[in-house]
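Please find the structures below.
Here subunit A shows up in two complexes: once beside subunit B, once beside subunit C.
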Partner chain A sequence: MINWIEKQRYIIDFTISSLLRRKVKNFGLLALYTLIVFMLASTMFFTYSIKKEAALILKGAPEIVVQKIVAGQHDLLPVSYIDTIKKIRGVAAVESRLWGYYYDSLVSANYTLLTPFTDDDSTDNTQSSAKKTVVESGSGNQQLDDTSKPLFELGDAVLEPGTLIIGNGIARLRNIGKGDYMPFRAFDGNVMNFNIAGTLSSQSELVSSDLMLITEEGFRKLFGIDKNYVTDVTVAVSNPSEVEMAASKIRKRLSEARPIARDEILRTYDSIFNWRGGMMIVIFSAAVLAFVIFAWDKASGLSAGEKREIGILKAVGWETSDVIQMKFWEGAKVSLTAFFTGVILAYVHVFFTGSIVFEPALKGWSNLYPNFKLTPFVNLEQLTTLFFLTVVPYTVATIIPIWRAATIDPDSAMRFTGE
Partner chain B sequence: MIELVKVKKVFNAGNPSEFSALNSVNLFLEENQVTVLKGPSGSGKTTLLSIVGCMSRPTAGRVKLRVLEITSLPERFLTDIRRKTFGFIFQQPNLIKGISVLDNVMLPAYPLGEKRSHLKSKAMKGLAELNIANKAASKVEWLSGGEAQRASIVRALINDPHIIIADEPTAHLDTKLSYRFMEIIEKFKAEGKTVIITSHDPLVYESSMVDKVVNLRDGQIED
Partner chain C sequence: MRNSSLFILYISCGVILLSLMLVHASFSENAQQANLEEKAALVKILKLTDLCLFTEARYTRHLSQADLNTAFQDHPLSLEHFPSGSFTQPLERISEHR
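Moving on to the complex of A and B:
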């Protein structure tokens, strides 16, 4: 046993010296290999974490949002619909919402404007704050329920008529903050100036980066919306397992209404980020393919020097298995170093530097990129897949040609190295 | 000690390029003797040496090492015998570039898993005996021809083999170094080792320490 351990030590030492003897070639290979792992792991970490993050944040979204549809398009919803929805058995609360988009041609960005609460008499609640939109009795994933985040947090800012609370993306883009004024062109062409009362918490920046909170009065004035109409309503359901049922009842009572369940929004987010991640992986697959060709070429085309070395080792008494073992360690060292370096770099890149390399492709849209720190979520299954997609093929690709070279007769080795 | 009975070696059998390197060779090599296999290029010297040294198998015939029939042994066992019984000195030093002389010398012992400190002191002793201990840490590409040859001799002896096999050892050495080499061979003989050398260098086969000269021509032993 001691001899066996000592033998492995000798072989590993010799492998390290072998690698160092071909420094340029091996470091080049290692750098390329690490880069491939880094790119794939970054995409994986990013996509997985952003989906988790979005799921956590959206867990605080309303269970059902009801919109009015005219000719297949979203239309303003009459306040009278609220009473109809309230009468449906199982509906716990109904809140009206006012929200819309505003295009800022100055910075070519689209803002989302939202009134965080209404003082509409038709709801049975007293004033409901955005914070209260966190659904306490969620269904399904316990972990998600435990850590669900509010959609946005107002902090100390107080929203008063003529003021706005803005998302961090907007604050950065316009370089404005608390106390500054922001001009808007209203529906009738008049300019309206709003005072910035504060910024939203950066915790939820993934979904609140482009968000602006505005008073109902300000919103109606800006967009010219009559007080008998709202943009949509949110519905809370007493029993979370009856969300589907409540939605179908709403659809039945109000033929023009479109109820959207929270799970549907989650699914949409999921597919958006899956699609983006998938797109990145498709792009990287070309790089992976190039690497496989390079590795195969490197592995199958043993240089004359390497063949000579194998010949000498065989001639001085190394067995075929010793030579293969040595080359296996060589491949394993390169692979594992590249794999772990690539994964660690990807982890730092995604969770500490905010994915600077992939930012434009993977998160946000328009000019407003959310600036948020992802909570590190690492999926072991994905890491294992990445390991088997990179380390195993490389090691196998190097072993087969080595095996062919190592099985040559020591006699041939002697002739090759001798005469 | 080593007995070859009707040994034949055919290369590329069945192909148009089929070539018979050895034809029915019968040979008995005594223990603690220096034997020289002599003959022109292509006479089959190296082929015979490689069969004797368990580096290749004969196409037909039998090879016996002491009482052990080694012709049909699997590669693993053959390698083990080769490693423990034979020490090889090649025509060229065949040292691995980029690593130190000491590492090169210790290479044949790696698969045996000997304790590093013990192996190192053995290697240093061997290098000291051939006056190249001061080069132990040097890379082999910095050695002169003679030093490289001596390093390869120390490497051949690292596993303390009983039989030394040398293939045209003086082919790339000048006269002075060739004499030095023969002195080393004499020392081996004095230590009780068996030495088998292929050579067509008169300095080798006419040396007084040589006990037996085997003439080879066209794959056969000449009387």
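Moving on to the complex of A and C:
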């Protein structure tokens, strides 16, 4: 065993010297290979973590959201629909939502204005004997039920008429905070000034960066929405297994309604950054093409110098198996070095620098972008997949042409000149 | 030091760093639990449906609530032109709702 180890070490010594003889070519190859692993690993870490985080956060999303569709577009929903939905068997509670967008031309950013649900809304909209229950699926119910702890960065922020609670992204973009005033141009052209009562926590930017919490009165005044209309409604169902049934009943009773189940919301985020999507396929095809070039370079044969080297080695007593082992170590060294460096750099990139390389693409044309730190959901399975995607193909591609070259006669290999 | 010793040292460091990475990921996951709970609670209280990832267009801001005609949202001949549109996909089973 010791002899075998010592033999392998001599082969490794020899291959490193051999690699260093062609420094420029091999270091170039290593840098490109590392870059490919880095890109693939960064994409994998980022997409997996964001999907997992979305699944955990959005567990508390409404069971069903019902929109009204007119001419294929989302329209305001009449309050009278609420009673119709409440009469459906299995529906536990129906609550209205008032939300919309406001474009701030000063900073060219879109804000999401939302009226938080209050107990008053509950009595208005769910005045029947229907019990208000929100049924959660999965195991995170206890965590989500813990609503007693303060959610806002400023615990004393109270939403009153004429005030706003803003997301941290807006505060950062506009450089404003508690006590400042923010002007809005209302639907009728009048300017409305709102006092900022507080800022939402910076920890929650992934869901609240562009949010503005506003009172119902303020929202209706700003957008000129009549009291008989709401943006959409949320529906809670008594039995979680009946969500699909309730959604289909809503669709039957209200032909203009479009129910969106929580399951669909979760699946939307599960398929985000899917490898088939635009930019993702560009990244993956670039990586695959680069691998094809590597493999082509290796599989298309050896240079005259490499053939001569093999001929000399065989002439001085190396066996075919030794030559193959030497080339195996050569491939393994390049690919393992690229793998370790690429993966570690990708981890630092995604979880310590906030995916700085992807940022321009993710920001797109938006001026308001959340500052969020992803939770590193990394496991052994991902690392194994990356290993088999990167290290194995290259190492195998190195061995195959060598096997062909190593079996030729040393005399004819050495005679070949003209590198 | 022999070249092979340097290589073995590098590979050992790589393995140790990858293991530390997994340990760090596991610890961070636990440490971030309170933060995740805060976000989940905010989603529940405010009845939010989407992550604030792309704010450039209304159908990318609220991916799950987007209109059925997204991609031709602004005009029948207006194809999707926002960069974030290339990261996202239409709502699953969207054809069933049509």
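One rule holds in what follows: the second predicted complex is superposed on the first by the 322 of 419 C-alpha atoms of A that agree within 3 Å, B and C clash if a C-alpha of one lies under 4 Å from a C-alpha of the other, contacts with A are read in each partner's own complex, and residues count from 1 in each chain.
As a working rule, a residue touches a chain if its C-beta (ideal position, glycine included) is under 8 Å from a C-beta of that chain, and two chains touch if they have at least 3 such contacts.
All of these numbers come straight from a predicted model, not from anything done at the bench.
> Report for A:Asp409: first if it touches subunit B alone, second if subunit C alone, otherwise both or neither.
Once the two structures are laid over each other on A, A:Asp409 reaches subunit B alone.
> State whether A:Ser17 touches subunit B only (first), subunit C only (second), both chains, or neither.
both
> Of the partners subunit B and subunit C, which touch A:Ile260 in the superposed model: first, second, both, neither?
A:Ile260: touches subunit C, not subunit B.
> Who touches more of subunit A, subunit B or subunit C?
C
> Examine A:Asn3 and indicate which partner it touches, taking first as subunit B and second as subunit C; both and neither are also allowed.
After superposing on A, A:Asn3 lies in contact with subunit B but is clear of subunit C.
> Please work out whether A:Leu380 is in contact with subunit B alone, subunit C alone, both, or neither, and reply first, second, both or neither.
After superposing on A, A:Leu380 lies in contact with subunit C but is clear of subunit B.
> Taking the two structures together, which residues of subunit A meet both subunit B and subunit C?
Correct list for subunit A: 9-10, 17.
> Which of the residues in subunit A come into contact with subunit B in the complex?
2-7, 9-11, 14, 17, 20-21, 305, 309, 312-313, 315-322, 409-411, 413-415, 417-419
> Can you check the complex and tell me which residues of subunit B touch subunit A?
Touch residues, subunit B against subunit A: 46-47, 50, 55-56, 75-76, 79, 82-83, 88, 90-92, 94-99, 103, 107-108, 110-116, 155, 159, 167-168.
> Okay, in this complex, where on subunit C does subunit A touch?
2-8, 10-11, 13-15, 17-18, 21-22, 24-25, 28-29, 32, 35-58, 60-65, 67-69, 82-89, 91-93, 97
> Taking the complex as given, what residues does subunit A use to touch subunit C?
Contact set of subunit A toward subunit C: 8-10, 12-13, 16-17, 50, 53-54, 56-62, 65, 67, 69, 72-74, 95, 97, 101, 109-110, 112, 114, 116-117, 134, 140, 143-144, 146-147, 149, 151, 167, 169, 200-201, 203-211, 213, 232, 234, 258, 260, 264-265, 267-269, 271-274, 276-280, 333, 336-337, 339-341, 343-344, 347, 351, 361-362, 364-370, 375-380, 383.
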